[in-house]
Amino acid sequence: MDTVVVMRSTATNTDVGGVVERISELGLTPNISRGEFRTLIGAAGGKSPAIIQQLEQLQGVDRVIAVTQPYKLASREFHEADTILDIKGIRVGGPHVNIIAGPCAIEGREMLFEIGGLVKEAGASILRGGAFKPRSSPYSYQGMGKEGLELLKEAGEKLEMPTITEVTDPRDVGIVAEYADIFQIGARNMQNFNLLLEVGKSHKPVFIKRGLAASITEWLMSAEYVLSQGNHRVILCERGMRTFNEETRFTLDVSAVPVVQERSHLPVFVDPSHAAGKRDLVPALALAAIGAGAAGLIIEVHSCPDKAMCDGPQAVLPARFAKLMDQVKRVAEIVDHRVTRWGDAPAQRRRVENGGWMS
Amino acid sequence: MDTVVVMRSTATNTDVGGVVERISELGLTPNISRGEFRTLIGAAGGKSPAIIQQLEQLQGVDRVIAVTQPYKLASREFHEADTILDIKGIRVGGPHVNIIAGPCAIEGREMLFEIGGLVKEAGASILRGGAFKPRSSPYSYQGMGKEGLELLKEAGEKLEMPTITEVTDPRDVGIVAEYADIFQIGARNMQNFNLLLEVGKSHKPVFIKRGLAASITEWLMSAEYVLSQGNHRVILCERGMRTFNEETRFTLDVSAVPVVQERSHLPVFVDPSHAAGKRDLVPALALAAIGAGAAGLIIEVHSCPDKAMCDGPQAVLPARFAKLMDQVKRVAEIVDHRVTRWGDAPAQRRRVENGGWMS
Amino acid sequence: MDTVVVMRSTATNTDVGGVVERISELGLTPNISRGEFRTLIGAAGGKSPAIIQQLEQLQGVDRVIAVTQPYKLASREFHEADTILDIKGIRVGGPHVNIIAGPCAIEGREMLFEIGGLVKEAGASILRGGAFKPRSSPYSYQGMGKEGLELLKEAGEKLEMPTITEVTDPRDVGIVAEYADIFQIGARNMQNFNLLLEVGKSHKPVFIKRGLAASITEWLMSAEYVLSQGNHRVILCERGMRTFNEETRFTLDVSAVPVVQERSHLPVFVDPSHAAGKRDLVPALALAAIGAGAAGLIIEVHSCPDKAMCDGPQAVLPARFAKLMDQVKRVAEIVDHRVTRWGDAPAQRRRVENGGWMS
Amino acid sequence: MDTVVVMRSTATNTDVGGVVERISELGLTPNISRGEFRTLIGAAGGKSPAIIQQLEQLQGVDRVIAVTQPYKLASREFHEADTILDIKGIRVGGPHVNIIAGPCAIEGREMLFEIGGLVKEAGASILRGGAFKPRSSPYSYQGMGKEGLELLKEAGEKLEMPTITEVTDPRDVGIVAEYADIFQIGARNMQNFNLLLEVGKSHKPVFIKRGLAASITEWLMSAEYVLSQGNHRVILCERGMRTFNEETRFTLDVSAVPVVQERSHLPVFVDPSHAAGKRDLVPALALAAIGAGAAGLIIEVHSCPDKAMCDGPQAVLPARFAKLMDQVKRVAEIVDHRVTRWGDAPAQRRRVENGGWMS
């Protein structure tokens, strides 16, 4: 993380000397450039953003500017090619577009299997369902917990779809890993660093939603937490920022897709459901995301949303989802992407050939 | 603009009577509903949002809620079908997608004609170019003024494209109307009400960019200002909100497209150039907008952007623009829209047949 | 949590009947009010915000409006008088103003005792110091952990000041409770619901910082999580919102002080250090907070901030802190508040008399 | 406006040469600094921010960073001492605190004189009243226009208070200058550059409210517009930003006070009324502003606010205003400021002695 120290126009030679000395003390390489009005001092090396804070307090310093990003393993400079994950034979990232779909919360076997079957039929490749639900009210439905995980595993096996579910507590990482294929880190936990460290020690893919007021740098730093523990299977997901705009639940930052693609090698998905908050807006946001080049979508689908325990208003009905999948497929092609459908994964191809599901 | 007055749980009968009396004094129709804990009083009628302010101060009132929107002529309830404008034979709105392109500022004849020719060739139907530039610094280039307008008119005639340019001062409305086909109201002038009234008195179409911190209701109220003067030819344009996000110049609110379409009959365009601030991001945002159902785009194109007087970094190069137009056309079809190209307008068809451009 | 269902102007009698039936099914009391244009249906009762989501999807429904707040135990309606906590004999809340001060992170015994002594001398009544530091970079200093807790306890005992430290993981609640007097929940953990439940089961006071993009309702719902577990000793702390403003690290929402005071009985503190991000701004924000009526401040003080492991630029120097405390005391009096100083607590008074510190 | 060009780590010598050449072409002085990984090139001189845009597009350039601010006349570097204005003998800025008060809109003679008398009695030194009201709805009350200006002038003379009123249209600058002593530029017109140029050509003081999504740099650039025309009598006024926070009409950025004081020599006021939107919050915000060091307040006062034509809910009642003025006076003293009251101005002192009001 290289930095530049901009001295004040009134800085003395002693001030400059003090900064150079401190840079060396911090184990970095100083480099002085004297301009007409101001002196600039480069400081090369160092991983921690805290160094900036230390330098900017020295005598005669006007500002310290980070020239490079504070993340490393997550950066495109570190790993130039797109990361492509293999999740039970399904490719995620690069030109592959995957649609994750299912109910917000797992409410029971019948409902989960019905919706799962419908979304698979329509073209989803990964099944979602919440067992531990983080709710802003202590009086709201908090999810089925372990029983929900069991149902999700069963549904994933029966439908031959990898599964994703949210984990909200470092103490639950073990049990979630037993039952689901992908950890989802929710927006409100994007900077729950202990949770990130815990899933970083696992070998399962981690799907990190962007916090509702997180900068893209902070989001990539959260990915860095997971990567730094040796787990390189990270997927990012934009899900809307909190802004002054009241028309949607959150403001989908569709530009996050190309920005992340420029800065990182990790796949970036979009969640149009939570951004919109209303099902009528979901198709427009979903197609916008695919047009912008997203590596996939995560969409809430419910066959009876007005009885849903959670987030019913944003759940798309199965028929609309099926129509949307057709449009998604066609838009993806225009941006040189390709939607993964059931049967695309080698494991699934084998299954078609041999009559057995193996991961 | 119907409203509901929510009384406090401690409100007395006298308080309720006072509110009912005041509602009647204001010329509205009161309607009482007594609940278990609270009394609600409906107030039907009235156009001004100020009524809410008056009611919410009365004794015993907890809150006043607007049940209907404060705009009328701009609302989908007032005019159910999509408004389709005819601008020199070109259809704008409904299923028609139009691309407005050209340089940020008009810098000279040669440059304007060259860029104009290139964007028309690639598929743009309307020519943009700034003559009066609102700049945040008094020391920045402020535009060519009247000379720029003359060049724009000449270019529009030669290229047989309608033209759009920004008007920033009520005193300039007359001269801009003489030279250009569409008034552009910039984001910073969205609530310059005197300017809106002035263009409202003209008969030329008005293209209103959303203010960088404007709610969708405020934006539609600005349209209402123009409509209320008798000018019904209004186009809206989303161009990015100011948020905490530093990666893009502004945060494109792509959800504004379906939200406006639900609430208003007016066509809604998107400006990916100002939202992005960097040319590399423009194609992704442009395709996102079209995927979301936008009625068109306004894009800055420059053949030599590093010498542009204004906003060079966000100007797309002509070759990239041409490729983008091809993608835009294909995405538009997937959402049942159709890009208008040169030759589509009846006037232009006549021109092709008869060898003459007429408007 | 009473709500009002606003029907569309096109809603039929059957639609209205459907909504009334569903309200009854949900165990609430319906109440119909037919207006000239629209029908309103009150729904009294119910604790969960999820009810709104269920109702707003019914046929013919335009919107559902919450008439009362979703929190109960945290609301001023539930508990009219100001909550005043007794923490080791120190009164917090009501007219009492308390200043919490100390270093950002505990870095060693000598530094902690030195700064602790200085802030006590200047007028602080509670000692702060971080042992578990949530850092946005995995490469930044993460705190001394348990060893830091031991030092904090020792310092608190020696200086006879109650102590506060951040807890970031539900697994650490037990050990933090052993060593510190007040749990601090950081802004990034405001919606770490499992952590809130865990501290809710303890009997120690919980100091909840507002999330950087949290609404005041969400913040009070986080307090409700703690209160709902039987722990009624909650303090709130405003510490700045994330906005487009780049001049300060966060934007201090000073209006949160009177707004929370109107809506809740819980004491509300302000953290000028994290909001400002620069020590030069801290005094102005601190006096603003006290002028607005805050129940206290939490301020980072460091005697050698350019060598601090964490957030040095926002740490105030001891001499400036002492001058600030004098101003704080005088401003507090103007708004009928009174700063608690060492010796004010009954336990401390006993100590002065008897020569022993007891809690 | 000095800048630093940060080259990419992959930039070639030719790239560096190209940037140096372009810097020279632009009339700036280049200065090369080769670091271990990256080359930095300083570019000293130049007033327009557009230069940054031109440089950042050159081959091999990673980023261009502004080292100094784009404004000059408004900067503390240009004019180190606080600007103190003399408005009809009243001192504004420096240690002087002035309270501007009066109704939102002028609604009639009797009301204006009554409120004016009450606020003067309580300690206000300048009288406010709107004649041209910018309203978000075309159907809202738009003000009394010229008749209102006449009343304001009459009231100012009778009460011997300087007057302030909003001007919203460059065509109205002449007439407003005839009747009022200070031009108010509203938040929505902060970047109405033609209006700024027009008041810049006048010699009357200009009171510039911060736009609701304006950065502090943009706000100071708007001051620069006025200053650049030769009018050096500028006052700034913070009035709340638009954020996600719904509890107040806008979010008062109290930190703007010390930030502006650090960066500029111009006096900075605060408008607690528009920020709060509710009268109950106004005193807390007013005292916060004074505690933060503001040079004054502008407060809406109404003796019968529930009949006010405009913004009644935020108007403070005269009795509460009087109590607030007493608190303001005492807080100001704690931060070494002093409230100007009637009789403080030399002209007014002469008036007291000689029985005549002269300006």
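Letters A, B, C and D mark the chains in the order given here, with residues in each chain numbered from 1 onward.
Going forward, a residue touches a chain if its C-beta (ideal position, glycine included) is under 8 Å from a C-beta of that chain, and two chains touch if they have at least 3 such contacts.
Keep in mind the model is a prediction, meaning the values are calculated, not measured.
S.K.: Considering B-D alongside B-C, which chain pair is linked by more C-beta pairs in contact?
M.R.: Here the pair linked by more C-beta pairs in contact is B-D.
S.K.: Hey, which chain ends up farthest from chain B, C-alpha centres compared?
M.R.: Greatest centre separation from chain B goes to chain C.
S.K.: For chain A and chain B, what's the span in angstrom between their mean Cα positions?
M.R.: 33
S.K.: Chain B to chain D: how many Å between their CA centres?
M.R.: A distance of 29 Å separates the two centres.
S.K.: Suppose each chain is reduced to the average of its Cα coordinates; what separation in Å results between chain B and chain C?
M.R.: Going by mean C-alpha positions, chain B sits 42 Å from chain C.
S.K.: List, in ascending order, every residue of chain D touching at least 2 other chains.
M.R.: Correct list: 213, 242-244, 246.
S.K.: Based on which chains are in contact, what kind of graph results: line, ring, star, complete or other?
M.R.: complete
S.K.: For chain A, which residues count as touching chain B in their complex?
M.R.: By the definition above, chain A touches chain B via 213, 215-216, 241, 243-248, 251-259, 262, 275-276, 280-281, 284-285, 287-293, 327, 330-331, 334-335.
S.K.: For the complex, which residues does chain A have touching chain D?
M.R.: 2, 4, 6, 29, 31-38, 40, 42, 44, 62-63, 65, 67, 242-244, 246
S.K.: Within their complex, state which residues of chain B touch chain D.
M.R.: It comes out as residues 47-50, 53-54, 56-58, 70-71, 134-141, 168-171, 188-189, 191-194, 197, 211-213, 218, 221-222, 224-225, 228, 242, 305-313.
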